[in-house]
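Just below sit the structures, each encoded as structure tokens.
Two complexes follow with chain A in common, the first pairing it with chain B and the second with chain C.
What follows is the complex of A and B.
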């Protein structure tokens, strides 16, 4: 199997990016974005995760199978959140008398 | 196929002289067991450990059944003691017995043998899995000794985070560790199946036991992390008062049910899919027929693993979940019946016109098919929205999942243990007692749990310490059945241990079965095969002719 060896330089670049994103997280939390605060925070967090998985956990240099499994895990997380939201978003649709 | 194989098969029929040969059981020092990386030995470590938890869970069940003989609470000191008892039963049986039962014992032992490998892909991680289990198990035993926990095995919030003053946080850690032991097992199995199959062992030549374990492993790695996080969040909320599930702190108690059941419904398939794999091995062997619809059974295992993940909301129909989400979850739950039925029909079709032999493993397998069908169909009843409003939290639910978990998973486990006992230990068990145990388990099981369907339908709630006097007759029936069931469980425990007193004498292939695991000696050598297995045919190439020389326990038995 081909082994991808990350250079110190790549690792440092990724580390720098992660630090920038950390600043972005704190900054975004201070901005008055209203309901957008949450999605923005999630987007930044997801970007950090992807960087860590691909570089620090060496997903870039691995075979298709490993990538598929990691992809499936990510998909499962999305599936879980979407189906939980199915409950939360439709809870108030049914008008209850006297409420 | 190599000539070695043919020689062994030919020698299986009569009593061969047994010069000493190297087997995986040779070393008997403590170190040779506790530091072993041999998948077969780790399987045995697991076998012993889960038996201990089965006994603990069994004692709790017995206590509950004795308490429920009378409507008044008279055996246990308080309702709280009863709460701790059913929680102990649930936690021990689910997390420390059923989840690891078949995968960690039979799966560990057989998966490399069945695909013609020397071991699992990561032997040290396999050993670490057992240590994770033991850490979780030790915490669980400490909890029992220091006062127990009363939340039920489901740890529902807000009770578990706000009100219970029992050992909830240690229990969360126990479950966390047990969870990681199954993640380790699952990912080891997946890598092994992908990378270590013998030459010629293509995906569609894999035994269905392997397909079932592959599907189970997928659930283990995709679902278990969510459970681990959910129980950790309980610990976080209890210890640090961070608002996650508690409405007073801005949380939502139903969120816990979502997270918990996102794992725990698929966990039903962690428990029953490996059992289905066992049945798919036993039924063709004792019917002397190739399995009917191989690909359908293989794909239905994967289908169950996937569908199992999108039905969890059927546990929340009356919990305050949106009714529209309930509708979707109800519909999706019905879909699970399709792959389950495919399996049941295909096993039945395999038996059709077969030369059926009613040896112990087959008796257990037939019991599985019938009881799992009852458990599955009552599951359909429960996933019907309106019916569930009536039956939710009654004994009907208790009966339903025991038909799946005990009638399904435990019967398959016992059937598999009998089927592969000669391979694992090199000893035969006394067939007559085997049949007696299968019969006692089947009869005792139905006597225990069928009355509970009626009790639940009549409205008796589960988890109650005392009950209305008109329910007593059915409860006494249930307790009487449980004692027959306990007898059926006790028998194998005794005769399996008893069979170990003599040196190994079982033939390599006592059932004239076709799998690779039967082509090596019983018990297998440390490196599994003395030759490199090569696979040239489809699995389950049984024909009635092969019955010749099928002496089963024959002259190697213990009479």
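What follows is the complex of A and C.
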């Protein structure tokens, strides 16, 4: 905001990195990684998100309260996905008859 | 604080119909932070909204991986790829628009906002082409869904459930259409902002308003960053 104005160069570098990561996503999907395909795709998407949030959305330039809110937002998202998937992923672990 | 002093002068010089600083804030900086914070809180609710859909997608995909992979192969990956480039580029023009507003370059700001709108519209155009193709290929759940002929053999052979292939398209259309609705709202919002910047309506120069609008636009981009690999790149390998 009032702190400093990002240069055009910074913006272009971030854009270039995002393009590289996009190519990496498509490339990784073609690799025979088996069960690792999905986590790799999500890792690349998360990296893109970090770049966008910090450089395009200027999270570093905001106050602590906003940063806390953004952190909490992702915490709740991860909690939701983690808790629900824990249920589905663990259902077959115990062989209970008639389950 | 430069913007603040500048804004005050502007407001004093103009008719000051809209005060630069609303009375509930201590100073302009606190007011700016509140605007940014407010947008982030709204985005947090949006994250939970899209997050719920992504979670249900994750559950169905986990339970029916083969059906989802097979159904996903009917999408045209390169259209999704092109659209990702279009949307990431629109994020660049949006970031540059925020920069122009911070530097008080009004003409540049309006042009960059218009460029962002054009790119957003291109994205919707590509999506419309994809939806039309999906319609002709009988992939619309509930309306005309049929397992494509070349996949029938595999479905029968492996004992796959066609209803779960349909479920992939239910989630595909729900998420991409919800995303498109956000984009349409975003384009409208940028249109209003471009007009207001053009007539020099913003008493404080508009840097905060454009920044807040930018937050929303970048959020839409982030949603697509996740939707593209989830929907288009389900690898069968």
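Convention: the second predicted complex is superposed on the first by the 91 of 99 C-alpha atoms of A that agree within 3 Å, B and C clash if a C-alpha of one lies under 4 Å from a C-alpha of the other, contacts with A are read in each partner's own complex, and residues count from 1 in each chain.
Basically, a contact is a pair of C-beta atoms (placed from the backbone, for glycine too) under 8 Å apart; a residue touches a chain by one contact, two chains touch by 3 or more.
Small disclaimer: the values here were computed from a predicted structure and weren't measured.
Undergrad: Answer with clash or fit: chain B and chain C placed together on chain A by superposition.
TA: clash
Undergrad: Mind working out whether A:44 is in touch with chain B, chain C, both or neither, as first, second, both or neither?
TA: The answer is second: A:44 touches chain C but not chain B.
Undergrad: Return first, second, both or neither, reflecting whether A:36 touches chain B, chain C, both chains, or no partner chain.
TA: Once the two structures are laid over each other on A, A:36 reaches no partner at all.
Undergrad: Tell me the contact category for A:94 with respect to chain B and chain C: first, second, both or neither.
TA: first
Undergrad: Look at A:56 in the shared chain and tell me whether it touches chain B only, chain C only, both, or neither; answer first, second, both or neither.
TA: The answer is second: A:56 touches chain C but not chain B.
Undergrad: First (chain B), second (chain C), both or neither: which does A:13 touch?
TA: Touch status of A:13: no partner.
Undergrad: Just checking: does A:22 make contact with chain B only, chain C only, both, or neither of them? Give me first, second, both or neither.
TA: second
Undergrad: Check the contacts made with chain A and report whether chain B or chain C touches more of its residues.
TA: Counted on chain A, the partner with more touching residues turns out to be C.
Undergrad: After the superposition on A, what does A:79 contact: first (chain B), second (chain C), both or neither?
TA: A:79: touches chain B, not chain C.
Undergrad: When the complexes are fitted on the C-alpha atoms of A, one of 24-32, 132-140 or 240-248 in chain B overlaps chain C. Which is it?
TA: None of the options clash except 240-248.
Undergrad: Return the residues of chain A at which the contacts from chain B and from chain C coincide.
TA: 65, 69, 72-73, 76, 80, 84, 88-89
Undergrad: Which of the residues in chain A come into contact with chain B in the complex?
TA: Spelled out, the residues of chain A in touch with chain B are 65, 69, 72-73, 76, 79-80, 83-84, 86-91, 93-94.
Undergrad: Under the touch definition given earlier, write down the residues of chain A that touch chain C in their complex.
TA: 1-2, 5-6, 8, 11-12, 14-15, 18-19, 22, 25-26, 29-34, 37, 41-42, 44-45, 48-49, 52-53, 55-58, 62-63, 65-66, 69-70, 72-74, 76-77, 80-81, 84-85, 88-89
Undergrad: Per the contact definition, I'd like the list of chain C residues that touch chain A in the complex.
TA: Those in contact with chain A are residues 1-4, 29, 32-33, 36-37, 40-41, 43-44, 47-48, 51-52, 54-55, 58-59, 62-63, 77, 81, 84-85, 88-89, 91-92, 94-96, 98-99, 102-103, 207-208, 211, 214-215, 218, 221-222, 225-226, 228-230, 233, 235, 237.
Undergrad: If you look only at chain B, which of its residues touch chain A in the complex?
TA: Interface residues on the chain B side: 190, 194, 221-222, 226, 254-255, 258, 262, 309-310, 313, 316, 321-325, 328.
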